[in-house]
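Structures incoming, each one as structure tokens.
Common to both upcoming complexes is chain A, partnered first by chain B, then by chain C.
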Partner chain A sequence: MPSLGADMDAGTLVEWMVKPGDTVQRGQVVAVVETQKGAIEVEMWQSGTVDKLLVTPGTKVPVGTRLALIATKGEVSATPEPVAAEPAPAAAVTPGPPVAHPEPHPAGARARVSPAARRRAEELKVDIGIVQPAEPGATISLADVERAAAQLQVRPLEAAPPAAAAGDWHAQMRKAIANAMSRSKREVPHYYLSTQIDVSRVSDWLIGENLKRPVASRLLPVVPLMKATALALREVPELNGVWLNGVFRQSSAVHLGMAIAMRGGGLVAPAIHDADRKTPDELMAALRDLVARVRGGRLRSSEMSDPTVTLTNLGEQGVEQVFGVIYPPQVAIVGIGKIVERACVKDGWIAARKVVVATLAADHRVSDGHRGGLFLAALDRLLQEPEKL
Partner chain B sequence: MDISQNRAYTRKEILEAILDALGAIAPEVDFSKVDPERPLRSQVDLDSFDFLNAIIRLHEKLGIDIPEQDYGKLGTLNSTADYLSQRLSADAATR
Partner chain C sequence: MDDTVTRVRTTYRDAMREALREALRRDERVFLMGEDVGRYGGSYAVSKGLLEEFGEERIRDTPLSESGFVGAGIGAALNGTLPIVEVMTCNFSLLALDQIVNNAATIRHMSGGQFSVPIVIRMATGAGRQLAAQHSHSFEGWYAHIPGIRIVAPATLEDARGMLWTALMDPDPVIMFENALLYNLEGELAPDAGAVDIDHASVRRAGDDLTLVTYGGSLGKTLQAADELARNGVNAEVIDLRTLRPLDTVAIFGSLARTHRMVIVDEGWKSGALAAEIMARAMEESFYELDAPIARVCGAEVPIPYARHLEEAAIPQVATIVDAALRTLNKHV
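Moving on, here comes the complex of A and B:
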């Protein structure tokens, strides 16, 4: 079970999209996992052949649990690579619910459990470990769970009305955000910087670009800001990476986490990979795809686990400046406020200029205010030449 | 040009097209409760992405490409309907 964010400690395997014997490629979606932030598609990070699926759909397992065994090229299946061996930040693997095994068990070992039975056991609050199958060696079925529940005289929980599902999901989401943000405020010594940037040129450039474009390929103002942020991070790389086990790991790639609000509350900050190497059009397309999937579809595991920095843009709601809370294990968050017109003095003259306040909240264990200031200066400089973005 | 594109739209049809575009973006909103005279964005949680998507949908539906400089005229449901009917009749006149 990969860690799909610092706030995740367990996930429920919903569906396998491969079976033993299948060849899988790096990046291929092999499973769907339900997390507090919705269903996530789990991608492979190496190619190989599926040897064994170790977790059955419907099972909730802690981060770090092996989900399947993958034999890589030239390997015999006896020395398989475990899936979910990804470095899982803060994933102390605690003993979790029993993992169903797809192979016959010797006497005394845990019996197999059908997904429906497992769900029912959770609903009835029955410890699946005490449930006996109808015949020795058989799979524990839904009926077995219900019989055990009756014997224990455990009062079943009332079935939740459908409307409660959304409320529960909302509570889960709040819990996930609470965990990550509390950890950040507890562990990360933030420092905060802010600067006003003249974005008149980039605004003019954008108007000109959009006049040339059909409505469906117009760019939003956030796009040049994303690109400039990604490029400025190359110049101050100690803001781009993750803090793991007391050590900063700088990232050579800029995977820009975009804070995206979800309808009905909550937010996620999935990554746009290699944002520094994408053109404005590619960034717009990537953002469009991401927003659509945040609001109505599925995110992918790499998008959840890969961000090396986050960009938050609250200008939409009229906020002039936003000081973000760093999303662990990242070490910086860049905030963009609303683009406003202001009277600015330039060369002794007062002129109406479009300006935006850009902020940086960064981890003082990794960088200092001086370097953070250089980042904001680079962001300013890059935005003065929008045609080069 | 397709004949159907040439016909005049009634105001009701224009409003329906607007609500259809918004409904696809903000399915949780009960548009019967939206005041057509009050600013839309103070009543419906729309960000610039949602707004752009609504513009794209209106373009698909009515064939009107709304330039960015006209976005300011789309503040309320009524002003959006006014703007679109104006644009549609102007288009019909130039055909």
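Moving on, here comes the complex of A and C:
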């Protein structure tokens, strides 16, 4: 079960899209998983042949649980063959009751649990497999078990149906957002910068570009902003990556998380992969696809788990300036307000110009205001040459 | 303790001298012997003035022969006296190891209980005075390995004042380790301070978040570390072992059962040290109480260096104790 976001602790397998014996390619969607953020398509990281499906649809399992076995090329089936002709067990052994739950932590992925936590989990009858450590990679401690037990009293995990009722589902999404945002405000020392950018040239360019395109493939104003943001991040790479276990891991690729509001409330910020290397048309296509799938509730696992930065555009709602909250473990969020016409002084003349306020909220553990300022300056500069985007 | 009684300002050295004086006055069988304890007043001036007060019969200077005078003390104890033998530092006590291990510790057992050796051997221990490797080691852990003797480590004025008499009353050999840095420790002591027990560890600071176990010269640093941890929102309990053999495991593991996390501070070398023994017993007796691996802050595995900065780096310090505690709590500060 992949982790599809920093605060996901378990997911329900909804359906398998492959069966044993099928050949699968890297990137292929093989299963659908229901999470607090909706149905997510799980992609393969490795090509091979499906050997065995280990989890049946409808089962809720903790993150890290093995879902299936894939045999890579040249590998024989990992399914253990029954051993023949070993000494038979003496007399008849009464079989124990069937195991009701799937193995929470398969061999080879044993969770680090302190002895005291293990004992407490037994006392409280908490399945240690569902207990999450305080931070990724940390050992599960007494406090983690007690917190999990307290949460279970509120919301027994077994009771969660594979497809929750709409109201419940929204409550769960609210909870996921609450967890992520509380953690952000608790742990991440934000600093905020804001600058007004003249987007007259890029607006003119966009009008010209859209005249060349059929209506269905016209570019939205956010597209050049996405591309410029991705390119500016290359110049200030300490805004692009994740903070894990007290260390910043810079990302060489720019996976731009797009904050997308969901119908009925809530939001997700799935990634557009390699946004810095996509053309405006590719970005537009990716964005259109992403929005459609967000609203339809079908996101892919990699989109959910690996954004390296977030872009939030509230201009359409009439917001002039966005003060973003970083989505952990990312270290920056770029905010775009609405494009407005303002009287600007340029070369001693007052002129009506189209401007937008771009903001940056960034993690002060990783970068400083100086570098953040350079990012906004780069964003401004890149937007003055839209034809190069 | 009655608060209306004026407490007396004193030092660890003076408290120890008072303990010697009380013992010498209280029981005629008590006498003190060792190198320079008489005319010179003791290497650390603990017995200064006692020769004039009690005379040469009871304050006896000895030749520089640890094996000889410790052996003589054991013989005297077997013959009905209560000897206090001072060995200048535990480094030199190795010359007397045969007498201590093969005679003092064994005679009760080998005689089927017919003979006892009620000797008290006092020795200075520890680093921190730029006296280099041959004068700076901590051998408490080695001695605590030996059945048949009791090991105590007074770390406070009360214990410096009170452990000696109780040790003399023990029918078996007691070795008292006095960290030489403590002699100048100043503080207040009740005027009626006297004998204290030598069976139990003591909680010097109560706390819930983790247990810091220490003894002797490291107690002060550990308490300072606990204060610093408190400024970081960590409430540490500090246990002073006081008696290193037999260990008061009830106190140690009782605390661990409440805090679930432990750091052991021991100036001795890490390999096979007292700290290692406590960890091993925690594994045997308290494994299911542990919420994090037990950490140790021990002496670096080198002969204690002469140079001040190297010497400081070689033994536990407040900062290293704080670091270990925060790591045990999985906190980054």
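Worth a mention:
Operating definition for what follows: the second predicted complex is superposed on the first by the 297 of 389 C-alpha atoms of A that agree within 3 Å, B and C clash if a C-alpha of one lies under 4 Å from a C-alpha of the other, contacts with A are read in each partner's own complex, and residues count from 1 in each chain.
What we mean here is this: a contact is a pair of C-beta atoms (placed from the backbone, for glycine too) under 8 Å apart; a residue touches a chain by one contact, two chains touch by 3 or more.
Please read all numbers here as calculations on a predicted model, not as lab measurements.
In the superposition on chain A, A:Arg288 makes contact with chain B only, not with chain C.
In the superposition on chain A, A:Glu316 contacts chain B only, with no contact to chain C.
When both complexes are overlaid on chain A, the residue A:Arg381 reaches neither chain B nor chain C.
In the superposition on chain A, A:Arg298 makes contact with neither chain B nor chain C. Comparing chain B with chain C, the partner in contact with more residues of chain A is B. Of the two partner chains placed around the shared chain by superposition, chain B is the only one that A:Ile207 touches, whereas chain C remains out of contact. In the superposition on chain A, contact is made by A:Gly264 with chain B only, not with chain C.
In the superposition on chain A, A:Val215 makes contact with chain B only, not with chain C. The contact sets of chain A with chain B and with chain C never meet. On the side of chain B, the complex with chain A involves touching residues 26, 28, 45, 47-49, 52, 55-56, 59, 65-69. Considering their complex, residues 207, 210-211, 214-216, 218, 220-222, 261, 263-264, 287-288, 291, 316 of chain A touch chain B. Residues of chain A that touch chain C in their complex: 114-119, 134, 138-139, 141-142, 246.
Only residues 260, 287-292, 330, 332 of chain C touch chain A when the two sit together in their complex.
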